[in-house]
Structure formats: structure tokens, C-alpha cells
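Okay, got some structures for you below.
Paired with subunit B in one complex and with subunit C in the other, subunit A is shared by the two complexes that follow.
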Partner chain A sequence: MKPEELLYAKTHEWVAIEETDGGKTATIGISAYAVESLTDLVFIELPKQGRTVAALESFCEVESVKAVSDIYSPVAGEVTEVNTPLADALEWLSDDPYGAGWIAKVKITDDAPLAGLLDYDAYQKMCAEEA
Partner chain B sequence: MASTAQSVDLLRTPLADWHAAHGGRLVDFAGWAMPVQYGSIVEEHVATRTGVGLFDVSHMGRLAVRGSQAGPFLDHVLTRRVTALKPGQIRYSLVCNSAGGMLDDVLAGRVGVDSAEGPAFALVVNASNREKLNTWFAEEAQHFQVSLDDQTLATAMIAVQGPRAVAMVAQLADTDVAALRYYSGCEARVAGVPCAVSRTGYTGEDGFELTCPAQEATALWQALCAAGGVACGLAARDTLRLEAGMPLYGHELSEQLNPLDAGLRFAVDLCDSGGQPRSFVGGDALRSADSSGPQRLRVGLAIEGKRPPREQYRVLTAGRACGVVTSGTHSPTLGKPIAMAYVEPPYATEGTSLTVDIRGTETPATVVPLPFYRRS
Partner chain C sequence: MRNIHDTQLLFDLSKPGRRALRLPTCDVPVQPIETLLPAGAIAEQAPALPELAEPQVVRHFTNLSTQNMSVDSHFYPLGSCTMKHNPKRNERAAGLAGLGDLHPYQPESTIQGMLALLYDLQEFLSEISGLPACSLQPAAGAHGELTALWVAAAYFRDRGEQRTKVLVPDSAHGTNPASAIMAGFETVTVKTLKSGAVDMEDFRAKLDDHIAVFMITNPNTVGIFEPAMRQIADEVHARGGLIYLDGANMNAILGVTRPGDFGADMQHYNPHKTFSGPHGGGGPGAGPICVTEKLASYLPAPIVVKRNDDNQAPVYSLDYERPKSIGRVRSFFGNTGVLVRAYCYIRTHGPDGLRRVSEQAVLNANYLLSRVKHFLPVPQGDRCMHEFVASAKQLKTERGVSAMDIAKRLLDFGVHAPTVYFPQTVPEALMCEPTETESKETLDAFAEMLFRITEEDPELLHTAPHTTAISRPDEVAAARQPTLCHCG
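So, the complex of A and B:
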């Protein structure tokens, strides 16, 4: 996926929205900026398939050498698919954060939280201000 | 994510500008803007285990203790006798309060050249405890002929650590620093910069800690980089010391704990050279604690799986809390999670199977001997 075409949460997750049989499904990952900031990732606790998540709820945890960090679902819905091989291939998060490093897919049940997401340019601007 | 250090109130070491210009991520550590890492913590860790790591430890407190009663004063405030030290010798010691609680852990060294009044000593204390100790020592010093001089801001301190550190510094020095024994020091010029050189460290590797005038710190640091040293941040320093089983104040050590619980009996001289009970601050409390036995013990834990435990996570036996994790990380050398914890004495025996509550998941853990890593 091209980072320019994705949406971003202020907490550094990316979202790709697909139209699927009458609904929307979000593919979720974490941005290259987030991976670089975290550094030295050693463990990921992936979301459970089938669970429901509220927007901005923590649904995944990553451990770096230094600390544990929450990953928040940018959308509300049901986790329909999880990238389980990622647990044993954490290097995908840094090597291919917008591709092989995807974390989970969520079938969206509420469109409202999508309005709070940033486009690529706005997200880049936010990262530049944080750095 | 760690907050970046932007407050104007933070103290800056003489090397802070160098760190910022070389990708150092500066964070607030004990009131100082310190580099937590430059890039990968693991790469910095491995550089120190296999080559030479450089650490700016200028935030550590450096106190000069002089005067005709400098030795007796230190014997009074330290858990260890230092009056018998020969010039250049250094000892690890605790500073305790009268209840035996640890105010700090320090290095105390007798400097090579006596002052006009007699032997002079140098203390290196934790950054987080420097002001507390300055106040404590000033109070305790009232009945001694002693002068205390906090030289922290006028000097810088650089740790040079790793299997190639001794040869590297020796090549830059005008004195045979490679001949120094572990836990001893001397004066030397390193890369032309006048330094107090001590063969000490906090990584589990051989190496030196160099103290020099603040205004010459950058020249010294650059010479060490040019000679092959890799700049390392506080995060790597933490994983290195944890693998080496070394306690860190504020984690394994606090005023609520005594040195015997912490497994630091070797740094407590309960008796004088004649075998009689020695008088020092906290001595009576520690003798009493010694005879009643420990209430908890510091242990190493090997953790099953990949997920590192962190400070404050509970240690359990049969579902009941029997201890608490004080430090935990992923060990870059061992490639698995490790931790230090305090547990009730019955569960401190090597090989004991326990669990750690890692964010709601009871994860199997085994009590293992410290250190986790010992250099070959």
C-alpha cells in the first residue's frame, strides 16, 4: 500500500479503507515513523480475531527493549482478520510497515470515527512538529 | 513513546550539544537532558559487548572529600571502611540512613595524591541522589574536620566500556593505564586531556571511566569516537547493567530497602579491622537486620516466552503475590526476557518456579543466579 493513500490516527496507526459487500473494512498497521520511534521491537500481542473494538481503544500491544506501547484501533467494529505470522516476523514492521507489517482488519460498524483521521500530508506535518 | 527533553530547566552535560547533533534522543533523566539512545538500543548494546561503547555519564555526581578527617568522615557515612584504602583504590559502597535504608550506592576512591591535610577521596554518586546527599553529608560533616566540594558541573565523565576499551584508551594515554587493576585509578592525559582514570564501569565489561574538565569533554569524546568508540545512550547502559546483574538506585535500591536484602553484603563492613562492631550511620540497624534475617531477597528471573516483564509487575506463587519485579527487559545478549525482582526468602532459591503477571497473563519464570551475563 502507498503511504500517501492511507489515513492516519494521531496515535500513529495507519488505516486503509476498502468497500466490502455493502460495508467497509479497515486494514490497520503502524506508521514507519512510529516503528522508528519505538526501535528494537521484541514482541507483539496481536488482537484476537472476532473481538469488537471501540474507536481509540487499545487492541494490540508492542514491546520494545525499553517499554511496552499500546496500539489503538482507529475505527470501531469487529476484528475479522489478524496478521498472525507477524508475531514471529517483527522485522516486517520496520521493513514493510504498509504491507507485510499490517496488523489486523476491522469490519467497520460506525463511520463517525473516520472523520477524526488525518490524511498523509496532515500526518506528515504532525510528525514533523513532534520530532 | 518517551517524551523529548525540551524544558529549559534541565541541566545539560558538556556533551549535550554533541548528542543532539548526532541523533541522540534527549530525555529528562534526573533533571538532566540525557541521550537515551542514538539509534538502535540493541546495536549500542552489542557494540559495548563486542567492541567499545562510549557513555556520557557526566550527570553522575562527583564529590571531592578533603580535610584531616576525610577518611573518618567517610567511614561514618559509608557502609564500607575506606580509611585503609591505598592511594588509587576504589570501593563500591552504600550510604544508609540510621534505619539501614539505602540513600544511595556510590563509588568511593582514595585519590592518588594526598591533599595538604592528608588523604583525599572522591565519591561518585547517582544523579538522582546528588542534592539529597549534599544535604545529608553537610549535616553529618558538622563534627568532622572535612570539606566537601561538589565538582559535578565543572567536570565531565565518560565511560569507555567493552572488550577493546582498555587497549583503545591505553593507546591514547600518556600513562600505562592498562596496568591499572580493576577498581583502581590514576591521573593521566588521554588524547592530551587531563583525566582521572578509573578502571570501573556499569556494563559488565572491562573498561574505564574518565573524568575531565568540562571544557575539554568534547575534545576527549571526539578522540574516543575517532579511535572507534560507539556512542551509546542510557537505554543501552540499562540493558547492559541488567544483564550484568547490577542494581540501579530507584529500582533495586531505595530507602525502604537495606543492603542485605539487596544482596550487597560484600559492601557492608559491620566490623572494624579488629573484628569489633563498627560505628557508622545505619550500622546498628544493619546488625539487627543481619541477625533477624532478610524479609526479601533480590533475585534474577528467566522468563518463558518473548515478552519482557517490567518494573512493578507482580511475582506469584500458586496465584499469590510473593514478590515484585524491579527491572526487566529483553536481553540482547541472551535473546530472551530477563528481570530482577525481590521475592520472599523461601522463593529465592535458584531453580524455584514462579510466575510473573505480565499485563494479566501469568507467565512462567525461574529463579536464576545473577549475573545473567559474565564476560569471558
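So, the complex of A and C:
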């Protein structure tokens, strides 16, 4: 996926929205900037398939040599698919954060939180201010 | 000078049949082990223990001990840990036979001295915190946090209130959310501003009638006294919630202000930080807690109590008659060794002396800040409490030198590194806490060392330390593929 075409949460997750039959599905990952700030990753606790998440609710955890950090779901819905092989291939997060490093897919049940997401330019601007 | 041979693993040094001593032939009848123990209790084979002579073992551990840094051998500005000097008189006192050789099952009448000491310590800690009830049982700071949250949960249960939320600022110690979860609450993170203060807008957006506890560290982890502390406490109280004060940073405010006076309902102490009990070894530690009157009845039992009968010496005893108590959180009276050291420290300084401890700790931190900020900016400003957080962000951008590089290089100069990458709200954080027990000369030398390091060749820094037995362990491999047994 091209980072320029994705949406971003202020907490550094990216979202790709896909129209599926009768609804929308979000593919979620974390941005290259987030991966770099986390430094060397050692563990990921992936979300459980089938669970429901509220927008901005923590649904995944990554541990680096520095700290444990929450990953928040930028959308509300049900986790329909999880990238389980990622747990044993954390290098995908740094090598291909917008492709092989995707974390989970969520079937969206509420469109409202989407309005709070940033486009690529706005997200880049936020990162520049933070750095 | 370094003895590389004897610091190998004991298993690698082992030779079959080597012994520290040989026992004479047994001169009493030998009973086969099968006649003494049931079959299920006997191992199929003896454990594979290393076989060594005594001088090898002594050299092994003596050489290893010199490869460690400690506050007795090196300056140790590890922020948030208050690595002050541990006065040796406290060690002697804790080792006195009347304190160190007691058995917890002795009758109370034979341990009146220890009980009197613990009673007085409860009173001192209450006085310093402004919170009238105290439990000495918790065995570490984080255990104190957990105990206090159990106390809060019992309080709300008793009142028939269903409260689920614990608010924790994003700059808090990681133990805060962990304690809240273990006590059955959900945690909600409250943002902090660039200044280090709680973001009042975010706090108010997350404050509702479900709040149980706001866990706050004050002064906070960037070394700032929370400017809206009283306001936060009032708003949490107005919603029926409680304020928990993480007491890790008490070294900044002893005798100057009291958590009970600025709105806290509960707090823990870290005697190994504030009151000079030795750090290290993972214990035995202590994390006493103090609480307000309305929470007192929920504290762990027993509590040391004092009875004054007319014209007689006071009698101290353990009070178990506490029907609302959450029960024990630790066997016996907690870890008394470190509590005795805290008692000695408090008695040595007295009320005015404790205030001077904090004043000097804050002065030292501000002096160091004023020297360091010119080459390692301090985002939270020119003034701090007992510690400050410098940032190597600019150095990282301009020269590729990270906080970790600086930390590792400091070891070559014979100084322990500051705390790095915490709090996470400051990029490339170096959290420095010099404490009150360091001289101006030490602080000057440290500032000059840091400056020299920031000028050094980045390549030299990326591969530092260059003088230690091990340079940079592979932390990722250690976490992902740990070797937990000797596979020689």
C-alpha cells in the first residue's frame, strides 16, 4: 500500500479503508515513523480475532527494548482478520510497515470516528512538529 | 588487571570431582535414602551442579562484583531512583542483634523494641505525608501502589459504589497502570503538555462519575511540581474519586509540602530512595503506604498499636481486630531491615534536617540543569525540582548521536548513566537526578564529561563503552531468543 493513500490516527496507526459488500473494512498497521520511534521491537501481542473494539481503544501491544506501547484501533468495529505470522516476523514492521507489517482488519460498525483521521500530508506535518 | 579466566560461568569452570572440602569417612551407620524418603520424593539423578574449589569460587564472585557499578563506587545520577549515599551507621543499626536477630514468632513481650520502632515509623511517615494512617507491610513501591488500590477498591465496595476508571498521566511510571489493572480497574491515559504538566482539557474530558482513582506523581517524572495539583484533586474529589500519590519523588518535598495537604488520599513511600535504604538485589524492599482517616480501616492487618496504661511504660502490640481490612499483603511485619534503616535516617535528620535534604537535592538538580542545558536542552525549562530530563534530540538529528550512545559512553568515564528513554513524552530523554549527597565538584565533573562526550566522534560513541567487560549486549536477541540454561 502507498503511504500517501492511507489515513492516519494521531496515535500513529495507519488505516486503509476498503468497501466490502454492504460495509467498510479497515486494514490497520503502524506508521514507519512509529516503528522508528519504538526502536528495536521484541514482542507483539496481536488483537484477538472476533473481538469488538471501540475507536481509540487499545487492542494490541508492542514491546521494544525501550518500553511497552499500546496500539489503538483508529476505527470502531469487529476484528475479522489478524496477521498472525507477524508475531514471529517483527522485522516486517520495520521492513514493510504498510504491506507485510499490517496488524489486523476491522469491519467498521460506525463511520463517525473516520472523520477524526488525518490524511498523509496532515500526518507528516504532525510528525514534523513532534520531532 | 581484569581476570577474564575466573569470571567465566561456574559451569564452564567446573571439573568433575573438584571439591572445596573433603569430609572424613562417616563414622555412624549409613541409612539408605530410600528408607528415609518416599519414592516420589527422590530425584532420579543428582542435579548437575558445578564442581569447584573454594579459591575459584571466591575469585569468580569477587571479580564479578568489581564489574558492577554501585553508589558506593561511582556517581549514579539515575533519575527517578534517588541514588543517594546510604549512611553506614544505618547498616550497623539494622544489624544490631536486638533488631536483626529477632524471630517473627517470638512473643510480643520480647520484641517491644522492634514494635516501638515500627510504631514510631508509622507515625513519622504519617506526619511527613500528612496522611494519618500507615501500613508498613508492602514489600516494594509497586506493591504499595497495588495495596493502596486494593484499599480504594474496598472503600468503594463498602460504599456500594461501582467505579471502574483509574486515570494515569502519560508520563507516569509504568507500575501505575500495571497496579491499577492488577487491582481490577481499567486505566485511562491522561495527556501531559510540553511543559510536563497534566493537560487539564484532556483530564476534564476523561473525568466522569466512573472515576475511582487518579494516580499522580508529584513532583512528576520530568521534575516539575504539578501546577494545577490542588485543582486536579478538587475536581476528582467532587466526582467522588480518590487521589493516589506515587511517592517516588518524595525526596523533593520532605518538610516543604505534604501530599495530604495538596489533596492526596493515599501514597506510598520508597524507603530505598527517600530514606536511604540500599537499592539493589531486587529486595528485600519496602513500600509503606499512608492514607486518610476514611480509608484507615481498610489498610492491611495487622497494624502496630500503642497502649498507654496509667503510670506504666507503653505497651506495643499487633492489632488484628480490623474487620474491614483487606487482609495481609505480606507475611509478618513486612521487610523490617529496610524499615529500620528508614527509621534511623529519619531520626538522624529530624524535621529540619529532612527539609534541608530536599532543599539540597533540589538545589543540586537545578545547578546541574543550569550547566547541562547549554549543550543538552531541557525542554521543560530552566527550573526543576529534584531531577530534570535533558533531551539529545538535536544531537541525534544533527550528528546521529543518541541518548543511548551518551549513556553507554559515560560508563567509560566511570559514571553510571542517567535514566534514558523515560519518560517517553521527552524524545531521546536523559533523566538526571544527582541527589543531595553529591558535591559541587562531582556535579561539575559530570557536566564537563557530558559536554566532552557531545563533542566526541560519533563513531566512537556508537560503539561505546570501550572499557567494560561487555560492551553492548544484543538486547533484541536476549529478549526474543533468551538462553535460560547452561547448554555447554
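A few comments on the model shown:
In this section, the second predicted complex is superposed on the first by the 131 of 131 C-alpha atoms of A that agree within 3 Å, B and C clash if a C-alpha of one lies under 4 Å from a C-alpha of the other, contacts with A are read in each partner's own complex, and residues count from 1 in each chain.
Methods note: contacts are C-beta pairs under 8 Å (C-beta built on N, C-alpha and C of every residue); 3 or more make two chains touch, one makes a residue touch a chain.
Computed from a predicted model, the values in this text were never measured in an experiment.
After superposition on subunit A, the partners subunit B and subunit C collide with one another.
By the touch criterion defined above, A:78 lies against neither subunit B nor subunit C after alignment on the C-alpha atoms of chain A. Of the two partner chains, subunit B is the only one touched by A:45; subunit C is not. In the superposition on chain A, A:96 makes contact with neither subunit B nor subunit C.
Judged by the touch definition given at the top, the superposed model places A:61 against subunit B, while subunit C stays out of reach. Comparing 27-35, 297-305 or 405-413 from subunit C against subunit B in the aligned model shows that the clashing stretch is 405-413. Across the two superposed structures, the residue set of subunit A contacted by subunit B and also by subunit C is 37, 40, 42-43, 63, 65-69. Listing the residues of subunit A that touch subunit C in their complex gives 37, 40-43, 63, 65-69, 90, 131. For subunit C in complex with subunit A, the residues that touch the partner chain are 174, 393, 397, 421-422, 424, 427, 475-476, 479-480.
By the touch criterion given at the top, residues 37-40, 42-43, 45, 61, 63-69 of subunit A touch subunit B in their complex. By the touch criterion given at the top, residues 1-2, 36-37, 39-42, 235, 239, 306-308, 310, 329-330, 332, 337, 359 of subunit B touch subunit A in their complex.
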